[in-house]
Amino acid sequence: MDDFDEATDRVLAGLERKSRVMNLKEKERVAHHEAGHALLAEARASADRVGKISIIPRGVAALGYTKQLPTEDRYILTRTELLDRIDVLLGGRVAEEIAFGEVSTGSEDDLQRATDLARDMVTRYGMSESLGLAAFEEPRRALFLDIPSAARKEYSEATARAIDAEIRKLLESAHARVCDTLTRQRPVLDALARLLIEKEVVDRQTLVQLIARSGGAEAAAQSA
Amino acid sequence: MDDFDEATDRVLAGLERKSRVMNLKEKERVAHHEAGHALLAEARASADRVGKISIIPRGVAALGYTKQLPTEDRYILTRTELLDRIDVLLGGRVAEEIAFGEVSTGSEDDLQRATDLARDMVTRYGMSESLGLAAFEEPRRALFLDIPSAARKEYSEATARAIDAEIRKLLESAHARVCDTLTRQRPVLDALARLLIEKEVVDRQTLVQLIARSGGAEAAAQSA
Amino acid sequence: MDDFDEATDRVLAGLERKSRVMNLKEKERVAHHEAGHALLAEARASADRVGKISIIPRGVAALGYTKQLPTEDRYILTRTELLDRIDVLLGGRVAEEIAFGEVSTGSEDDLQRATDLARDMVTRYGMSESLGLAAFEEPRRALFLDIPSAARKEYSEATARAIDAEIRKLLESAHARVCDTLTRQRPVLDALARLLIEKEVVDRQTLVQLIARSGGAEAAAQSA
Amino acid sequence: MDDFDEATDRVLAGLERKSRVMNLKEKERVAHHEAGHALLAEARASADRVGKISIIPRGVAALGYTKQLPTEDRYILTRTELLDRIDVLLGGRVAEEIAFGEVSTGSEDDLQRATDLARDMVTRYGMSESLGLAAFEEPRRALFLDIPSAARKEYSEATARAIDAEIRKLLESAHARVCDTLTRQRPVLDALARLLIEKEVVDRQTLVQLIARSGGAEAAAQSA
Amino acid sequence: MDDFDEATDRVLAGLERKSRVMNLKEKERVAHHEAGHALLAEARASADRVGKISIIPRGVAALGYTKQLPTEDRYILTRTELLDRIDVLLGGRVAEEIAFGEVSTGSEDDLQRATDLARDMVTRYGMSESLGLAAFEEPRRALFLDIPSAARKEYSEATARAIDAEIRKLLESAHARVCDTLTRQRPVLDALARLLIEKEVVDRQTLVQLIARSGGAEAAAQSA
Amino acid sequence: MDDFDEATDRVLAGLERKSRVMNLKEKERVAHHEAGHALLAEARASADRVGKISIIPRGVAALGYTKQLPTEDRYILTRTELLDRIDVLLGGRVAEEIAFGEVSTGSEDDLQRATDLARDMVTRYGMSESLGLAAFEEPRRALFLDIPSAARKEYSEATARAIDAEIRKLLESAHARVCDTLTRQRPVLDALARLLIEKEVVDRQTLVQLIARSGGAEAAAQSA
């Protein structure tokens, strides 16, 4: 079982890089960042449950790694499910804000993915009230001729401005929701981070017990 | 006859993918989505009649499939006929709104096609009052040198803004019409979706009987 | 003589496609559309006279076909002659408006060509008062290196907006003129369309007699 | 001498195309157009003198042809000399306006060249007061890599608008000057055009005598 | 040890170019410029300590060279750490301002790198309050197809304006901070520059003693 | 010595083209133009001294030629030194303005280079107060893949407008300074131009004597 677990980790996040030694401050930051992702994944009803959290560097760039358990194949995602995914992505960044009062470069990839999701909601799925249900970008692009082009963007500057404003609104609401969740779960967040610094890896069972003990997660899940 | 039917389905929507197992929630959503398309096709005077509705996944991406019967080759489409086509495309999305109070990613392709139709009405067919009958995009493009280009878009930002506003107006009116149709046909919508979940495939005869029994479709057709 | 006539038709509009069977509604629409082109060509002093009108589908896309007789080679066109050509192009669309109260996709190519003529008047021939006689687009383009480019369009957004407004004004005036001509010739329009539906092809002699009998064309020509 | 004259004509304007038969109206238009060029060339102090005027079609596109005698090689042109060249270019168009009250497509190339000169004055030679002496376009471009590019145009929309306005102002002043010159020389203009229609070719001697007899040219030259 | 030191210098900044003889004014400028970098690196808590300062020209373009000692590998940088890096980059420019009352072309590379850092803070790391945490540029680009493209920049002009304003604000605050630090350390700045002109190379020990003697650096570090 | 002098001239400006015969007016213009460059070079403290002035056409395009003596290699240029270079570039144009009351195409290359310098001051060297010290263009470009691109220009239209305004301000101030210098040195300007027309080449010694005799240059240098 452990062998299989290591195999999927290797596929999903790359080989362990024990040689990549972070200093203590970075380690504390990564631990809180991953704890933030994990607690949000547990707090959001539609998110995949957390299987394992690790702060052993892996692959080319990953400093930490929160593995979610794909419970089943999904073909359609609702608006709520997309918002929950954005929340999980912002969990790491907000944890850093709360624990250190300052953000870092460590959320770059999360922010890019959250912005992409928000943009898709607005421009491809018709999920923005202020923009209506028009589609602003072609979903199917030529495979070999994807020459980037100004002609691809067919909408006006006025529409571009509305899209930007809507993306920002989606991300700001998500940020507020995630702040709320993690502020209320602050003790679990710190405890989980401490455990990660100590053990480097935390499995689902330990995580669930930690949350249960604090009782904070259920409350958050209810309010979410 | 069944063999022939399966053959055209295969050509139009790809091979059945029984291995692609949706969860119940997704199935309910797909069923309502396809029921929405089907009821709109029946409710709009100029739309091709429905031959079959299926929620057996097919081909690369289709989760459901509403086959319309092409009654004859068409060479010209009037403004009304184009609007009816937009209504049928939005039927799936609005059915989801009505049945679940929330939209999903499942309408992405429908929205893209409805937006394309609305854009063509405004920029190629001179069907927008606020923009007049000028053509804003070249219909015939070089076959092998279709290099996307900013030069292709010869109009001003002011015109781009007017085009965007007109597309939005066309889609919002369509959305309102479709909401109206499906709200009044809510019982048939739910019944058809339930039948689809149960049988996976509904043929024309069953559909027509269902609509006739409820009596709602005729009323809708009259008011449309 | 008939052989020669068929030969030029084949060159100009492609082979007859008797297999392309339109439904009656489309046939009526095409007949009125071509009748509109023909009556405008006869009503405008500088337009080439009509040689033949046909609603037998030809070539790749043509559903109908109004052959004008090139009376002589022309090397220069005056402003009035260009406006007359725009009027003839809009004749089909306006006939549809008048006869059916609704437009169709059938005018796409006419609108594109009328817009191109109007754009050329404004940007290449200095025929717009509000834009003056500056030329805004290069008439001679490299034959093999016609890479479309944002650099080609050297003018400002303010100028682009003025060009768009001027094109629109030209087309709206043309539309008003054509509406006026065809409204006053409504009986001939309907008679010619009926004749086309019945015979599929109408020659010059028949057309001239039809117009003479109604007496409407001369009146229109005088008022134009 | 005649052989040599024909040889330079052939090089400058192409082979005679006697087969290209214009109708009388076009011939009258071309005759006035070329007469306009010729009178402006004689009326502007810095312009090269006229050697010959012809309305025999030549080469690919020329319907008429006014040959100016290059008196010497020029390496620098002053602002006044550039304005005189613009005036000569507009002479043809204004002659059509004055003689026929309507312009034609025949000035397309003249307008393009006049606009290019005006643009160069504004963007390359620092000859516009409202834009100052900044250069807005690179005079030396890579010979084989002249990929058109948005990056080439480094200035703002506000500057583009100012450039457009300045080009327009230059052309409008030129138009007014040329109108003034040709209106005062109307009798010579008509006489020269009549002579061209009759003889097809007018040499310098005849032109000079015609202007001398009317006495109008000198007056115009003084007032210019 | 000296051999090793020279080897890393050679790798980091290129071969010494004793043939590149600067005039005295340039030498004084370069000395103050490098002294500015060095004092800022020592004054900012998170910056890497200075190992050596040299004004012997090296490599293709470097006129001077301040070597910082990488104390450890860093994987994440906080907002404060990024701001400290910007401060060190601006140290050279501000030293020139203070010592000579005039800036030079010598800071071009520093300004580019400082601007890039500020832009990344705003567009990739979500570190700007006025723009929120949306990501405006894709961090991962195709390796071999990095065709620059207008389509890559998906945001509106309004967002571009906000990004520009935010970058400017970040750089202006940094400029004010650096001015403050160097103004208070003016005596050390001049002394260090004089020492560099005299010796061409200053090692860490000498730098630390210089700062300690003046006592100014600690004060600056406290206030920073 | 003369052989060596001719050799460097040949390298810097191309072979003499005695066959390129300018008319007297052009010669006078070129003489004043070069005299303007030369007097400005002598009047600006940081400019390289003039070695020789010539109005013998050379190379592909040069009609005149003012050779400055590079006194030493320069690696850094201060703001003042850049402004002095702009002044020297504008010297030719302003001399034409003063002597002839009218400008010509002869300054095209000077204006382009002056504009480029002003643009670099604003966008690369942070020398504009209104734009601050942000760098707006990348100094190092890929050598073989310098595909021009809209993406390269990362700043907003608002910033582009500010850059344009700042470039204009820099050039207008320079123009005013140069006008001032040459107006006060008008007698030397005319004398030097006369000497150039007479001798075609003027060496440093003659130039220095001419300026000394008039006494105007020193005064100008003091006021500059």
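Read from first to last, the chains carry the letters A, B, C, D, E and F; within each, the first residue is number 1.
We take it that contacts are C-beta pairs under 8 Å (C-beta built on N, C-alpha and C of every residue); 3 or more make two chains touch, one makes a residue touch a chain.
Predicted, not measured: the structure shown is a model, and the values here were computed from it.
Taking the mean of C-alpha positions as each chain's centre, the chain lying farthest from the centre of chain D is A. As for how the two copies chain E and chain F face one another, under half of their interface residue numbers coincide. A centroid comparison over C-alpha atoms places B as the chain most distant from chain F. Put simply, chain C has to spin 60° for its C-alpha atoms to lie on chain D, with the angle rounded to a multiple of 5.
Chain B and chain D, compared by their mean Cα positions, are separated by 58 Å. Between the CA-based centres of chain B and chain F the separation comes to 67 Å, rounded to the whole angstrom. Multi-chain contact residues of chain F, defined as those touching 2 or more other chains: 147, 149-150, 152, 157.
Taken pairwise by the contact criterion, the protein chains form one closed cycle in which every chain touches exactly two others.
If you walk the ring beginning with chain C and heading to chain D next, you pass the chains as C, D, F, E, A, B. On the chain A side of its complex with chain E, the touching residues are 20-23, 26, 29-30, 57, 63, 90, 93, 100, 102-109, 111-112, 114-115, 118-119, 147-150, 152-153, 157, 160-161, 163-164, 167-168, 171-172, 175. Chain D contributes residues 72-80, 82, 124-127, 131-136, 138-139, 147, 149-152, 154-159 to its touches with chain F in the complex.
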